[in-house]
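Structures follow.
Heads up, the next two complexes both have chain A, just with different partners, chain B and then chain C.
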Partner chain A sequence: MRTVVCIKQVRTLGDEVEFTDDGRDVDPDYVDLALNEWDSFATEEALQLKERLGGEVVVVTCGPEESEAALRRCLAMGADRAVRIEGVAAHDPIGVAHALAEVVRDEEPDLVLCGVQSSDSVQAATGTALAELVELPRVAVVTRLEPGDGKATAHRELEGGLVDVVEVDLPAVLTIQTGINQPRYANLRAIKQAEQVEITVRQAASAPAASRVRRMFVPPRGEGAEMLGTDPGEVARRIADLVKERTA
Partner chain B sequence: MARDPKHDILFEPIKIGPKTMKNRFYQVPHCNGFGSEKPFSQAFFRAGKAEGGFGGVATEYCSISPESDDTHRMSARLWDDDDIKNLSLMCDMLHEYDCLAAAELWYGGPHAPCMESRCVARAPSQIPSDFEYLTYAIEADKDDIRYLQQLYVDAAKRARTAGFDIVYVYGSHSYLPQQFLTPFYNKRTDEYGGSFENRARFWRETIEKVKEAVGDDTAIAVRMSTDMFLGEPGTQLKRDCLPFVELVDHLVDVWDINLSGIAEWGEDATPSRFYEQGRALPWQAAVKEISKKPVLGVGRWTNPDAMSDAIHEGKLDIIATCRPSTSDPFLPKKIEEGRLDDIRECIGCNVCISRWEIGGPPLICTQNATAGEEYRRAWHPEKFTTAKNADNDVLVVGAGPAGMECAMVLGKRGMRRVHLVESADDMGGTMRWIPQLPGLGEWARLVNYRKIQLDKLKNVEFIPSTTLAPEDVAGYGAEIVVVATGSYWATDGLNGASHDVIPGADASLAWQATPDQLMGEGKTLAGDSVLVFDNDGYFMGVSISEKLALEGKKVTLMTPLGHVAPYMHFTLEAPNMHRRLHSLGVEIVPYHLPSRLEKGGVVATHVYDEHGAERTWDVDGVVLVSQRRSNERLFRSLKDDIGLEALKAEGVDALYRIGDCEAPRLIADAVFSGHRLAREIDSPDPSVPLPFRRERRVIDPDFVASERAWHESAMAGTA
Partner chain C sequence: MSVLVVTEHLQGTVRDVTRELVTAGRPLGPVAVAVIARDPGPLAAAVDVEGVEEIVTVAAGADEFEGDTYQQALEALIESRRPRVVLLGFTVNAMSYAAAVAAKLGLGYASDVHGVALEGEAVIATRSFYAGKVSAELEFPGAETVLLLLRPTTWPPAEGTGGAAVSSLAVEVAPPRARHVEFTEPAATGDVDITQADVLLSIGRGIGDADAIAQFEGLAAKMGATLSVSRPIVDAGWMPASRQVGQSGKTVKPKVYLAFGISGAVQHLAGMKASGTIVAVNTDPEASIFGVAHYGAVVDLFDVAEELEKLY
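Right, the complex of A and B next:
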């Protein structure tokens, strides 16, 4: 089974944030880089499938050279190959999906795994857009995956603790939820070996951007909030009064 | 980052008599084991706090005469002009950081045993010390009183010559001036005893004389305990202290207000087990209310919000710290720079104080492994050199106190990659559950600080829930392997009293348990009664007893020692611990060693009974707090089964072990062990500590000749 795992190197923030001079991005000095948490679960799921069924795991990302650190983390975990696509704006999930679609078409995988969302953009759009572009069925927010012959059974997490069990024809695009497995650690030897692997770099074909960043800012603090105290009984009475007041 | 404006008040200068302190951070007098006789250790220790932003830093108690010799405990001394030279280094180094230097002039009376000087102290009344044994003082007559007051004056002048900006007339902790003030110590019927005016006379006159001698350019501080918790005979806030403030406020430049007498000074240096931050604030605020002079006071302050509140609310003018300034000498700088999550908060374990109580050794700190090492090992709490072998990858196995500290310091020393691998799902080792023992919640700060630091280090990766087999370690890919797998409580009763196991002891049985099982593994003991056997002597046996008693069990605490938890005498936890165990109905059985355990009963003998007569305690369960054993299976397997040669073939150039895995020890020493290895990871042989600089008198031929000549003339009576 060949699985393509689409990953992202996310940006994490500390307590303080400054923006670039044009006000459209976070100042890189205030940013740490890491493999998106959801994608480490997706990679682990692909590796476990490979261990059971054979085949290979190909990890793909869109980003500049520094994002190769995230690919190498997946290689250290056990992925076989890595592809990096240059020339796409990372904030635009549709543009990213277009770029990923080119690789997916070339690789002809049996399965495509994405994380549910990225921890920095939190749009949860890339996986679904990718499925549409490559015309494959997709299952979102997968918490359990059982591959069968030419198909797979997937558990989808719904709201309120409900689980939807679906059967999907393969190849398909699945977005993987955290907690589906326990991602393995990479020991130092694997990390060192992953440093030696050559990463395929390709340019994204031009695709229409579906979104652009106009402004990034810390939302101004609102006014008029009223604290209702700490005594639960008193708070409840105040809420009841307020509801009566505002709905009268 | 910038400091939070709500902490601005902490950085406002304040006038102290003829001096101005640049901010509100002050290190009150506290011992460090260096005195005047280890001048470099003393100066570098105090200067570290000045570098960290403290506006004022004091000596420890500083004896004014051989009559006040606390040996075996270590005080500073200003007995003669040579002592001026030694303490002036501290003053000079503080002044380099624009920090005021204070000397706490001290006369102990009957509490100072004079074991080096063989002098006899003077005191208001002839009653032996409630802190020491066999120490009587001379009941001072009027000439003695004038003599004593002159000692303060002479020492104050020496302090000024040494460069001190502030001199104390120190009364707190039951020392001489406060002995006169307090009926508990003062039984006189002359004009120095009886009424408040009479009891206050000695201290008032002494302050006047010191003020007269040096007050034009040196600030006068008075340290007063405002409650000794001794009832009517002890110092009373309203009866004694507030009137005393009114009496001498015009002479005093700064008040240092605290609590307690010397016998239970854990009421002042409060263990976190019993008291929270700011415990003395009501007493300090009472003085502040009537004094026109700045008031400073301790409170184990680590939280800048609480510090700012205390000043804004008019309860204190200056935030005084001793333990928090040792745990983090850079407390002020970190607050100023808004780096609050970098503050290494004091956990209030009082292991620092234990060293003074033991008498002699330098202080140590559980949180700050560099405390006391500023000079002799040239360790800086915040600065780390890049290791010469920083191109190496390191595997640290075990994320307890030693492993966390080692990984953190290796990370700060710039090792290429550090992997900290832990079998449990989070960091801490035994320190994950020790803070869950009654009263020990603040000890979790040890883990929290390191977790935050490790998280910030990009070259350190924490790998939880992973148990490495020896071959996993060998093939891990690290050039340096550090084993920090800790220790466990013996399950067979092995102990240092009999140097043997206890027949019938087997913690795999349902009715027996070790602390690891009770706290770390959730094991419970059935039945209403339990006997805790403790030969550890520190916090574990009593803490387990307290926990089980709080859960409703009838607890018997048996130890072959003469006291339960004798080490807690040194950490000042003993008195309140005893009160707590007593109030919970825990039966204490000292001097007894179990000869065998049987289901339903513990058979024990008195350790001094020549006939070994046995007595049986009927109990449902037994907890074994007998001793710890190193958890060295992984280390032994790597070294003995795989072998260093085979490891080398796998690329492992070095194998070390640290902390309890080497030998069980205090938590402070486990942290130190991890820190030490990381500081010296690029030394010729990191497994052996580098020698430290020793402050000793090294003699050369000229000196030998002059000393022998002196001795000869002294013998001849012509010196």
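Right, the complex of A and C next:
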């Protein structure tokens, strides 16, 4: 069983933000980088399937060289191979899906897993677009996966926690929701070994963009919260008063 | 300029987001609403609200949502009607087919959109990036049709009666590759009902580890509050799903909502922003939770918890 897992190195902003000169993104000096949380669950799910059914796990990402850190994190968890695709515009999930599709076609996997969404963009679109481009069935927001013979049973988590049990033909693309498993930690030795793995680098073919950022800005703050100060005792007293007042 | 809204329905009921999409679409142009179902008739009546010019029914597929059916139906609707803008809710169902339609037909696309405007002929969508700390205006160069998934509970739902004309579109759909089998509810735990509480003490990732749960259960009991949690606490297996506030958990509206160590993901805010009084305690002054909170404190939540213990 060969599983391709599509991952993303996400950016998080601290207290301060500056924008690039063209105003279309944040200044990279103001971001921290990490493996997208949803993708760690997708990687774990692929690794558990490999442990049960054999095969290999291939992780793929679109991004500059620095995004190899996220691939190496997955390699340290136990993925077998890693591919990085260069030359893909950020913030356009359909463009990312076009680039990923080239790798998925070449790999001819039995299963493709993506995270439901990335924490920095929250489009929840890449996996579903990818499935279309490689002409595979798909199920989005999966909280349980049981592969069988030529098909799988998947639980789709709907709003309010209602679960839609679906049967899907394989191979398929599934987008994995947090909580489906408990992602493993990589030990130090595995992290060291992952540093030595050669990552395949490919160049993306040009693809049409489905959107383009015209400008980014810090949203205007509304009234905002009334701040209760920084003394824990005072904060606690105010909270106790509010609870008493508002429930009287 | 024409707008096409796709009705979202579940177990025979039209979901609120559909009427919100009508409100969002009206300033953009005449709104047509599509209803895709095995038997769309009864659902069509429920979307005949003020501002809807036309209802188009597509009798296809099963009673319940299947992504392949919706994809084929929406592709046929777009090809026959050439709308400038297609509006769907940013929901789990829409996530299951919208981006596939956009990729196949080469549409403009964006999701979790919370603002839409026209500048001449150009559609401009506003959405957030970087955990809500930054907003962006998106443009869709060269796209004849733009498909947008709008954030639920952002626009008020359209009310009243529209008296819209009803037509139907015949679409042949192939058998779906992913098929609905059944719905199951999350296992009932015989636990408390957090939607009934007057005061919720709600904890999130900021509590650090499982050992802190017992401490906050104790504090909630002393305060006469009920303990609720954000998603990461349930994902980690520290509390049952019945305690989860948010889009994939429970929508709550207590008199007082105390958010301790919750940064405020959009999905969480959707489940608690209607609470009477919201108090947020978080060490990150830029956390999104402060955007909806009435009162806030940038201070260590354990220090506040310790002081609260002394007061009760």
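In this section, the second predicted complex is superposed on the first by the 221 of 248 C-alpha atoms of A that agree within 3 Å, B and C clash if a C-alpha of one lies under 4 Å from a C-alpha of the other, contacts with A are read in each partner's own complex, and residues count from 1 in each chain.
Please note the rule applied: a contact is a pair of C-beta atoms (placed from the backbone, for glycine too) under 8 Å apart; a residue touches a chain by one contact, two chains touch by 3 or more.
Remember, it's a predicted structure, so these values are computed and weren't measured experimentally.
**Q** Answer with first, second, both or neither: which of chain B and chain C does A:187 touch in the superposed model?
**A** A:187 sits against chain B, while chain C stays out of touch.
**Q** Tell me which partner A:209 touches in the superposition: chain B (first), chain C (second), both or neither.
**A** A:209 contacts chain C only, not chain B.
**Q** Can A:26 be said to touch chain B (first), chain C (second), both, or neither?
**A** Touch status of A:26: second partner only.
**Q** Examine A:228 and indicate which partner it touches, taking first as chain B and second as chain C; both and neither are also allowed.
**A** Touch partner of A:228: chain C, not chain B.
**Q** In this superposed model, does chain C or chain B come into contact with more residues of chain A?
**A** When the residues of chain A touched by each partner are counted, C comes out ahead.
**Q** Can you list the residues of chain A that meet both chain B and chain C?
**A** On chain A, the overlap between the chain B and chain C contacts is residues 15, 182.
**Q** Where on chain C does chain A make contact in their complex?
**A** Its residues touching chain A are 10, 64-68, 71, 90-93, 95-104, 106-112, 124-125, 128-143, 177-186, 198-199, 223-225, 231-232, 234-237, 241, 244, 247-251, 255-256, 258, 266, 276-281, 284-286, 290-291, 293-300, 303-304, 306-308, 310-312.
**Q** Across the complex, what residues on chain A touch chain B?
**A** 15-16, 32, 182, 185, 187-192
**Q** Please give the residue numbers of chain A that touch chain C in the complex, ascending.
**A** Its residues touching chain C are 11-15, 17, 26, 31, 91, 93-94, 97-98, 116, 119-126, 128-133, 137-141, 153-169, 172, 175, 178-179, 182, 208-219, 221-222, 224-233, 235-240, 242-243, 246-247.
**Q** Taking the touch rule as given, give the residues of chain B at its contact with chain A in the complex, in rising order.
**A** So the residues of chain B touching chain A come out as 1, 393, 395, 417, 419, 421, 458, 461, 463, 465-466, 472, 475-478, 651.
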